[in-house]
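Some structures are shown below for you to check.
In the two complexes that follow, chain A is the common piece, with chain B as its partner first and chain C second.
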Partner chain A sequence: METNEVYEKLKKVFEDGIGELKTDVPVDPFFFVSADKINAVSLFLRDEESLQFDNLSCLSGMDYDKDNLAVVYHLYSYVHHHKLVVKVVVPKSNPVVNTVSDVWAAADWHEREAYDLVGMTFEGHPDLRRILLPEDWEGHPLRKDYKVPEFYRGMKVPY
Partner chain B sequence: MADIRTEELTINMGPQHPSTHGVLRLVLKLNGEIVQDVRPEIGYLHRCFEKHAEAMTYPQVIPYTDRMDYVNSMSNELAYVLAVEKLLGIEIPERVEYIRVIMCELQRIASHLVAIGTYGNDAGAFTPFLYCFIDREKVLELFEIVCGARMLYNYIWVGGLSHDITPDFIKKTKEFITYFRPRIKQINDLLTYNKIFIERTIDIGILPVDVAINAGATGPTLRGSGIKYDLRKDDTYSIYNKFEFDVCVGTGEYGTIGDCWNRYIVRAHEMEQSLRIIEQAIDVIPEGDVQSAVPKRVKPVAGEAYIRTESPKGELAYYIVSDGSLNPYRVKARSPSFCNVSVINQISRGHMIADVVMILGSFDIVLGCIDR
Partner chain C sequence: MGILNKLDNRVEQFESGNIIITSADKLLNWSRLSSMWQMFFGLACCAIEMMATSASHYDLDRFGIIPRPSPRHVDIILISGTVTLKMATRIKRLWDQMPEPKYCLSMGSCANCGGPYWEHGYHVLKGVDRIIPVDVYVPGCPPRPEALIEGLIKLQEKIREQSLAKKPA
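Entry: the complex of A and B
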């Protein structure tokens, strides 16, 4: 099933949560979903007969532009062999997104990594703490305005 | 006799440990010897690859991708380079495609030899470890002939390769194929069908199929549970559709489908399939210039690309976001071991500590890939 067909299906069920569809970008088309609806949309994507996206291939957090952060979901279906790309954009002043770790268990660690490196908060996540960096590290490195701290526990950081 | 206190004991299987295959910390909650809970803690090898990649140009990122999964450098480079080439939209010569496939399959053999050897080592069998490494030496010699490096190559470039192969390489690869086939049987006789090894690995760590798919486990971990899914066939990339090979799954020959032995046997069989692919490719490499499509400056259009490849550990994918400049805007590496390790809690409950070591070894993790 192509992305625009999935988009039409979703638009019928969730009218206000689905943003616009972008098809003329290289390489894969994608569409936006609002931050508070992503859990419900994910449940629908996973359980609906003709869609059955049972595998979350990758979840990446990124610094979208000057004022926004984004989460990008790459989904795949082992049953129907189709793929999908979904994006959620949130403002930097309030980067809160619904978690999807109850829909796909793969999202558990990926969301912890997005929280760690980019600073997005996932509402409803069972165990949101830093995964790659030490627990007492300050700052979120993958943001574009990140400044490396001078000292960490008495050790000089830039060398 | 006074009542014995039976409390839950929390033990740290610390980052420095000979059986954790790297710097992985497992916090075990035990009731005597039985494991109640396993909590993996990672991040001891975090080198901020993704932040560094934003400061480099596209070709300069390739040595960094080598060092992510340092046992499989060719597969990492291929996954990254395929995504960049998709964004650039260039055509690469057929000679380059054939050589890349040969290199990746040789790398698959080398990686599985490490997995098999160290897995036997975890179980206490020290001899197969050295036998596997003798064979791995031959593969590393082949890589050294081509690009001068044994482990971290910087060989697969955007649009081509860094060096062409010589007739000496082709001759030695054919010699390797005839040398290695009987060695697979020898490793199977030593380790795979060894009664003690079978007793150690059957019926532990059973990974049900729906848990595996939901948690994103891929590669031999998923195929050991019986699903016949291989990205080289089902979502094909490069020129893998031109070659004939079988997809190996765990069949329950010993133990139950989805346990450690079946995950292990997938790797043992895959080495034979890699030899088949190399045999089919080595004689029909077309002529050409490997550097002809390498661009002077890599400046893709603004967009994103996500290409999934089958590395020996599972599904390795790079998600590259480009904003039209010389440096990538965001590079995200989806690593197979990251998702494979996250299921260890669910499948280790109720087993003993020695079984946790075997379960961890059956996933075949490399911490460079998990931590990036």
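Entry: the complex of A and C
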């Protein structure tokens, strides 16, 4: 099933939560979902007979443009062998997204990584803390405006 | 003091072959360099090369170097791999737990100077010598087993020069 067919199906069920579909990009076509509906949309994507996206291949947080952060979900279905890309865009001043860790268990650590590196908070996550960097690190390194700290616990960080 | 005058840099053996006279320095240094027990401390890709060196093709056991899991049992720690800032606090603690005389061999580019992450690595400690004193640096990314063995032999030569009268640095 192609992305635009999935998009039509979703638009019939959730009218206001689904954003626009972008097909003229050099990568896979994707569409936007609003931040508070992503949990319900994910449950529908996973459980619906003709869709059955039972594999979350990747969940990544990114710095989208000057005032927004985004989360990208890459989904795959082992039953129907089709894939899908979904994006959620949130403003940097309030980067809160519903968690999907109760829909796909792999999202647990991927969301912890997105929180650690980009600063995206996931509402409803069971254990949201830093996973790659030390617990007392300050800042979120993969944002574009990140500055490398001079010292960390007495060790000089830059070369 | 006839026999002791002749000692200098040599070991004297009697004609019957059962008695050897040497100095305490040489005996201690020889025993220390022939059985350098190393700590199981592989962090990244250099660890694979360290394991390859310890395996049967380039054997490290013939030098007396066997791996031990606990820092309390070892003489030498081979820092092989990238040292992140998160790991650096743990390395300092392990170094403090090692008993004297202890030596450190920094293996690979990342442990020497931060390696390929020197420019943009916000999370990498640029060289393990920022936290612990290093005796031998082995360059390479990763160093070949022959290079690692040469580094260990250089460390053996350093131990051979030590003396009981001066504390090792």
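Note that in this section the second predicted complex is superposed on the first by the 159 of 159 C-alpha atoms of A that agree within 3 Å, B and C clash if a C-alpha of one lies under 4 Å from a C-alpha of the other, contacts with A are read in each partner's own complex, and residues count from 1 in each chain.
Quick note on the criterion: contacts are C-beta pairs under 8 Å (C-beta built on N, C-alpha and C of every residue); 3 or more make two chains touch, one makes a residue touch a chain.
Because the structure is predicted, anything quoted here is derived from the model rather than measured.
> On the A-aligned overlay, A:Lys12 touches which partner chain: chain B = first, chain C = second, or both, or neither?
The answer is neither, since A:Lys12 touches no partner chain.
> Contact-wise, after the overlay, does A:Met62 reach chain B, chain C, both or neither (first, second, both, neither)?
So A:Met62 only meets chain B here.
> Would you check which partner chain A:Arg153 touches, where first means chain B only, second means chain C only, and both and neither mean what they say?
Only chain C is touched by A:Arg153; chain B is not.
> Where does A:Pro141 make contact in the superposed view: on chain B (first), on chain C (second), on both, or on neither?
In the superposition, A:Pro141 touches chain B and chain C alike.
> In the superposed arrangement, does A:Ile131 touch chain B (first), chain C (second), both or neither?
Only chain B is touched by A:Ile131; chain C is not.
> Going by the contact definition given at the top, which residues of chain A touch chain B in one complex and chain C in the other?
132-134, 141, 146
> Would you tell me which residues of chain B are touching chain A in their complex?
Where chain B meets chain A, its residues are 42-43, 46, 48, 50-51, 86-87, 89, 211, 213-216, 227, 229, 234-235, 301-306, 308, 315, 317, 319, 321, 330, 332, 334, 338-339, 342-343, 371-372.
> Along chain A, where are the residues that touch chain C in the complex?
Checking each residue of chain A against chain C gives 132-134, 141, 146, 148-149, 152-153, 155-159.
> For the complex, which residues does chain C have touching chain A?
Residue positions touching the partner: 85-86, 88-89, 113-114, 118-119, 122-123, 125-126, 130-131.
> Going by the contact rule at the top, pick out the chain A residues touching chain B in the complex.
Residues of chain A touching chain B: 25-28, 54-58, 60, 62-63, 72, 74, 78, 81, 85, 104-106, 108-110, 117, 130-134, 141-142, 146.
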